[in-house]
Amino acid sequence: MDAAYAILALPLLGTAILLFGGRRTGDPASGWIATAMAVGSFVATVVVWASLLGHSAASRTVHKGLFTWIPVGSLHVSFGLQLDPLSLTWALFSSGVGSLITLYSIGYMKGDSSYGRFFFYMNLFLFSMLVLVLADSYLFSFVGWEGVGYCSYGLIGFWFERNSAAVAAKKAFVTNRIGDFGFMIALFMMFGHFHSFNYSTVLAPLASGRLTLAGATATGLALMLFLGAVGKSAQIPLYMWLPDAMEGPTPVSALIHAATMVTAGVYLVARSAPILHFSPSAQWVVASIGAATALLAATIACGQDDIKRVLAYSTISQLGYMFLGEGSGDYGAGIFHTVMHAFFKALLFLGAGAVIHALHDEQDMKKMGGLWKYLPVSSWTFLAGFLALSAIPPFDGFWSKDAILAAAWHKSPALWAVGVVTAALTAYYMSRQFVLVFGGKARWVDRAAEHGAAGHEAGGHAGGRPHEAPPVMTVPLVILAVGSTVGWLMNAPFAGLNFLERWLAPVFPARIAPSFAVATGTKWAIGTVATAFAILGLVAGLSAWRRTAERPALEPAVLAHAWYIDETVSAAASGPLARLASGVSFGVDAGLVDGLVNGVGRLAAQSGRQLRRFQTGYVRNYALGIGIGAAAILAYLATRMGG
Amino acid sequence: MGSVGTVGSVAASTLGFPILTVIVFLPLGGAILTALVPASDDGLARRVGLLAAVAEVGFVAYLLVAFKPVAGFQFVSQQPWIGSFGIAWKVGVDGISLFLVAVSALLFLVAMAGPPLRGSARAFMTWMLLLEAACIGAFLSMDLFLFFVMFEVTLVPAYFLVAGWGGPRRNYAAMKFFIYTFAGSAFFFVALLSLVFLTAPAHHGHATFDLITLTRLAGGLPHADQVLIFAGFAVGFAVKAPLVPFHSWLPDAYTEASTGGSMVLAGVMFALGGYGILRLGVFILPRGASDLAPVLLTLAVVGITYGAVVTIMQRDLKRLVAYSAIVSVAFVVLGEFAFSAQGVAGGVLQMVNESLTIGALFYMVGVVAERRGALRFSELGGIQKSAPILAAVFLAVVLSAVGLPGLNGFVSEFLVLAGTFVTHRWWAVVATTAIITGVIYFLWAYQRVFHGPARAANAAVREMSWGEIAAVAPLLAGIAFLGVYPAPLLDRLTPSVDHLLAHVQSADPAAHVPRISGGALSYSVPADQNVDSGLQTPAGAGATAAPVGAGAPAGAGSGAASSASAVPAAPSGGTR
Amino acid sequence: MTVPGAWYLVLAAVLFGIGATGLLVRRNVLVMFMCIELMLNAVNLTFVTFARLLDDIGGQASVFFVLVVAAAEVVVGLAIIVAMFRRRAAATADEIHILKG
Amino acid sequence: MIQSVLFAGVGHLAQSGSGCLGPNGTSITGLCTSDNSLHMPVAYRSILPMLVLFIGALVLLLVSALLSKRSRPGLYPVLSTAVGLAALVASVWEWYDVGNRGVSTIGGQIFYDRFSVFFGVVVSVTVVLASLVSDSYLRREGLDGVEAYALILLAGTGAVLMAEAAGLIMLFLGLEIMSIALYVMAAYHRRRTESGEAGFKYFILGSFSSAIFLYGVALTYGATGSTRFQDIAGYLARNTLVHDGVLLAGMALLIVGLGFKVAAVPFHFWTPDVYQGSPTPFTGYMAALAKAAGFAGLLRTLTGALSSQQANWRPVIWLIAVLTLLIGSVMAIAQRDLKRMMAYSSISQAGYVLVGLQAGSAAGTAGSLFYLFTYAFVIVGTFAVLGLIQGPGEARNDLGAIRGLARRRPGLAMAMLVFLLAQAGVPLTSGFLAKFYVIEASVQRGQYPLAIIAMLAAAIAAFFYLRIALLMYAGEGEAAGPAPALEPAGGGAEAAGEAAGEAFVADGALTAGLQPVPSLDGATATLTWEPPPEERIAIPPAVAATLAICVVFTIAAGVSSPIIDFARHATAMI
């Protein structure tokens, strides 16, 4: 089991090499080092997973101590790893997808002036992500949590010369920090209540029933943790950073802002299931926020022109699904969808990357079209991802979304209805995207020459016709496409085939996640209705956008502008809030607080100047001063006479 | 934790010579030597000064190694000074002061060696070494008069460092700094004298300034007196730290000072306030402290929020960094007055971290300033393109400042907040917003300086030289080490903190002090002379150097007590 | 008929007051000087009166000290005044005010 | 507390039997002078320092009469210094003598106690220092001659007599001996109009206050039947006055008269004019001597003779102290003439001694004594420096004269810095301990507000001390052009101008000036402070030695305890 250490050690080693190697490792050595480390980490994870399979289901939780971090009185924080089905699930797909995307990046980032820096961040990200999921305590997880946030910052702002990238990076970090505020408050509450952050100390007794949690405490804890998740996983109201995060290189969008980091919130909620169990209201909040986000983001995705922004909103929407599943009590479904989403969304982003790559940094779908024949591999793989995301059977998305919708139905038909509508919208905007990019007429021809070799993403490519990406990029696409097509087999809802569910079962004992039975008929009905909606959306999208890219009626400004929510928030921040801050800073601080201090100094100087007037230089005036002083003393003492 | 048997050997391990006295006087001697170098030979002056600073770091490093992780003062050395007033030269070090001394020595070295210097190196080195002696002297003082002397003496070199090597408004800034702090000390001074005078009757009518004795005696004062005296202390230290609303000297002084000056001003001198209020205020006057804790906590929280808002509005890099110090200092106070082991330890750790972080920040600001001249955001941007290493180092320091886990800032911030949360929940919740606001202003600043398109002079900024990297490297190493593995520090700090809190609680059972060690509140301490506890006076007070090994038998019991304090406590009413 | 001692004291106080007032209002340097002499002599009167009232020789002895001191003061004072007025043609004390503020 | 000290002294006296008091201490004092003293031999050892100084002055005059006018111009300062040293030796000997023999009086008019001897030391030291620093000044100004030194010695004689006085008449005599000498010294510079004016003002106002003081003596005499301190204290201890109006009036006038000498507000008006006008080394001497002697008188009178009236005089002194502290500090800020600024500073310093006096306790007295002793070194040293930099004819006394001193004469600047820091009360200088002692005494009497006011006044005062320091050190950059000492951290030399211009427009004049508060005299005042010409300042060896002594003493007294122990022992007055 010492492979467990290797899971973390390898990416960390890669990070160190790339940090201190600097530019000397160069292009493409940096990429290969990073990929090697990622793959090594994945292999180590697989080894650990295999060895865990050897344990009985009940004893599939292994702790690995590292070292004492913060020993202060009753607060004794140690770093350690907890290897259990839940953490390994995340570790597996994170390192797996991470490896593929790192590999893909070798080709994608070719020629970039900061090649080494990119892979440094990629490895550091992987390390942080693995810390996040493998940590044995909330606090250690928080370390990884912040680490991935930092990497996200660094990678969104990777092309820092672009102001938009720099701003987006900062926005992502700040928004994440709002969520972290919740996470930290939750940590403090945990410390106050349990005097520990360890999963084994905090959660295990709750899960096993040895301890119960008062409703208010549970709700507070759960909601604060969920606030953290909302920030990291871009849910209402903290979702606005994710679309902007598309400023980063596309592999980053694929890895961090689709497949792995943004699912950290899902992980956190799943991990905290024992706490949520004691707070039905918190569960409702999770489910409702998830459903609302899913719907809202899906509507916005329908109006976007940027190939990556569509996928970004789609990610937000799909994350909403995951929370809907978890909030509905079916953690397995949420996690299943997370894993599936990792496959197909990574695939879609990488495919989009291949398109952007081919078109020399063009991201506007309105300026694409007809790429099917130029980019065969990309097109086919993208199609797989598109169908998986659209929940068309038998692709991945269908199965996982079906499980979530079933759970939502069980929770409340209203949630289910939202989910179904969202499913239709999802199919619509994805089909819109697919036909705008790959179908129809080519709308890019004229622009190819203009761009020439200028685009730095395109690196060494000359101008001219778009052509397929090199193998180092297409191989990951193919692997992910396969995953998107048959990945669902890991948790097929048929007797005996629900491997994932059984694997996760020890983490979610019936006490905290009571299984519910949805009648088979209902199940079929739910699946059928959802599929019908999805096909409806698919057909609508295809028919609407097959021939033309200009349909203003279907792209109202309100959708293109994401319901103006971002603008409103910005206006508030730069308007009244900025004025308030400015008032505090210049009015109160410079004016009042500092003014008071300077005023005292001024008073002293001024009184000195005024008093000089009494120093007339005339002897008799001085004598008068003495006389007045004498008189004053006499007068005072006269009042004390006889005493 | 030191095992039971080693406490006696703490004494035995004491050197044959008074190391702390040497540590205080070494920079002073260096200053005198530097001043004696002929004015024409600036290079020699610089070498002499640096040699003194390096030697100081060496001695302090030895101290770190020799220090035993138990409560109480170690390496105590004592000399009568102004006997008729009960004033003595008495220095000692405990877990709380140890790391402040260490980080001060380091920061002074970096501040002297790192930034390039215009003007007279001789004068600069002399003032810096004087300041170092005074700061470290204050941290090591076990005599309140001595502390006050050191505390006040710092002003003179600091004044000249700002006024002599600063920016365009340096005279204004230096004067404001001096007078403001001097005025703040007025209250501290009078309170100190009142304390000494009022405790004299309980001390056979003799005034004493001895920290330990006063700690014992002050408990006997009337409650109101304790509160008033504490209030006087608090004003003095609140100005020094500074705590909002006494901060208005800070942005001017920190901004106008030269790089080296800003580093030590913001990195070391602020800690005199944070340390003083804990050592003198809380330790001696626990009842006053606990009565006024809500006020100070509130000021701290106001400082955290208000300071953040004001910082966000700054349009000059150095001024922004200067303002950010207000927030960091508020964290120190917040932790210290949370009266929980985590809070106090966090507060002390925050001081150490702040020294490293803000020292490095000001250093990096200096590096940028040297290349670009201007520090206004409107004139900066895109520097990362031409100077990626500079940007990376700057970012690392910024991340430390915003409290990214894995770097030092997080550990102390977390301890402070967690420690405050268990005793003063809502204060902690409001203070936690700092993790958001800190990111806003620091990342905004970073973005404005390093990101975006590089215009004009920003496009050809020189990369950091190896010398500059070497100068900041010790600070970066500290930042990383304390972020990843603060345990060695905390292990040495915690016994002293526990001791302090036990004292606070025994003095004021009503104080909101969570129990820190499972029921073992009867806190006995080493009776050994070299391990001078807060609750016992050394038998041979007045002896110049404590006899080695004296009182070893008493060490056993005390060791047991101190190890008991390390046992993780039973959960207290966290939901209180 | 004997005048009560208190009257002498009152007289002395009045004389002292006249002297002091004179110093404050007159600008002629010599007159100011005379006013001071008047004040000293008022004090002498007070001393003598008290000596008489207390039947104590000390007060009367004091007068001699005062007289001597006053004489010395006059000498030095006049010297200073003369030295100064020799250098500048000022007639009154008010013209001597280059030092002020 | 002082009462106990007083009677302890008396008891000691009674036991030693060398005085003229009976075993009951106070009962037979009335008879003491009139009968016994006439037949008692005068113990000249009791007044040895005074005698040395006085005879020294006579010898000096005699020597000058015997020698031809130009033969030995350098002899007088040497002689004067020697006399001062002899007086110092005599005082030191007395210190041990009084310890061995116990205290005594001469006819109830002169005290021989440690308090007296302490001031013997202080005055002797001041005489020595003043003699050393005066020579070069007087030569430069063409004023050298025997008179100056004779006056120094005579003023010292008067000052010692004031401290030794056992009665108000002796106090008056001492006061006049000192004052008359000082009047002349103020007017000593024949060619400077200011000097004459200073002498004139000092004389008129001094005489006025002497008259007031004397009236106070008369009234006190009337109220208590004696002018001797012991008798007054004894009378007041034995009797409760039903009609204390006369006594209170007398006390008020005594406070006025002595308050004038120590330059307490509102009796301070003469101080700036006289300090500014007098020859610079004499100013320092005057500041040290008159203050010491005046406070000796105040202490003898108030804490000695009138200690039973504490409840009445302490509030008065309280108010005077506060006014003195604040007005002295505040007005000094507004000055541009260095000597005048130091005059106001000395007013402010007197405030601290008043704080010690106000405590009315042995601790307060000790603090005051320490203050006076250490202040003598500081102020003589300060004016010695000013005397050197002002140039012939006292051409430059403005603030600009000291600009860049650190570059021209680093040693001189360092000495001045020490004096300034001492006056500001910065630790490790005697000034800090002095403030510490008086404020501690004040705190011991529960005078917290006064203590805080005193410390805040120190903060105000720090401004102008630092301004001078700044001119000496940081001033060099501005004098020589666009700030070579500027670090780019603040914005780089070239950016400094812009930054100052645009970044802090709101502060306007502040940026250019030296003031933390908006320009005191408008920005122009700052700009027109011409630096002095770049000529080398000659430092005569005697002045250098004096400065060295003053600096070493100021620092030594600031870090060690012998002086305060000395002062504490000196509080045991009869």
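In order of appearance the chains are A, B, C and D, and numbering begins at 1 in each one.
Throughout what follows, a contact is a pair of C-beta atoms (placed from the backbone, for glycine too) under 8 Å apart; a residue touches a chain by one contact, two chains touch by 3 or more.
In this text the structure is predicted, and so the values were computed from the model without any measurement.
Colleague: Contact counts by the stated rule: is the higher one at A-D or A-C?
Modeller: Comparing A-D with A-C, the pair joined by more C-beta contacts is A-D.
Colleague: When you take the mean of every protein CA atom shown, which chain's own CA mean is nearest to it?
Modeller: B
Colleague: Where the centres are mean C-alpha positions, what is the separation of subunit A from subunit D, in Å?
Modeller: Computed value for the inter-centroid distance: 75 Å.
Colleague: So what's the Cα centroid distance for subunit A and subunit C, whole Å?
Modeller: Once rounded, the distance between the two centres reads 95 Å.
Colleague: Report, in whole Å, the distance between the mean C-alpha point of subunit C and the mean C-alpha point of subunit D.
Modeller: Roughly 27 Å, centre to centre.
Colleague: Nearest whole angstrom, what separates the Cα centre of subunit B from the Cα centre of subunit C?
Modeller: 65
Colleague: Can you tell me which residues of subunit D touch two or more of the remaining chains?
Modeller: Correct list: 200-201, 204, 208, 212, 272-273, 334, 460, 463, 515-516.
Colleague: For subunit B, what residues touch not just one other chain but two or more?
Modeller: In subunit B, 176, 179 touch at least two other chains.
Colleague: Quick one: which residues in subunit C touch 2 or more of the other chains?
Modeller: In subunit C, residues 20, 23, 32, 93, 96-101 touch at least two other chains, as defined above.
Colleague: Which chain pairs here would you call touching?
Modeller: Touch list across chains, by label: A-B, A-C, A-D, B-D, C-D.
Colleague: Okay, in this complex, where on subunit D does subunit C touch?
Modeller: Residues of subunit D touching subunit C: 33-34, 169, 172-173, 176, 180, 183-184, 187, 190, 193-194, 196-201, 203-204, 207-208, 210-212, 214-215, 217-219, 221-222, 225-227, 272-273, 276-277, 334-335, 340.
Colleague: Okay, in this complex, where on subunit A does subunit C touch?
Modeller: Listed in rising order, the residues are 612, 615-620, 623-624, 627.
Colleague: Per the contact definition, I'd like the list of subunit B residues that touch subunit D in the complex.
Modeller: 39, 81-85, 87, 115, 117-120, 148-150, 152-153, 155-156, 159-160, 163-172, 174-176, 178-179, 182-183, 185-187, 189-190, 193-194, 196-197, 207, 255-259, 262, 316, 318, 365-366, 369-370, 373-376
Colleague: Okay, in this complex, where on subunit C does subunit A touch?
Modeller: 20, 23-27, 32, 93-94, 96-101
Colleague: Considering only the defined contacts, which subunit D positions touch subunit A in the complex?
Modeller: For subunit D paired with subunit A, touching residues are 200-201, 204-205, 208-209, 212, 242-245, 248-249, 251-253, 255-256, 259-260, 265-267, 269-270, 272-273, 311-312, 315-316, 327, 329-334, 460, 463, 506, 515-518, 520.
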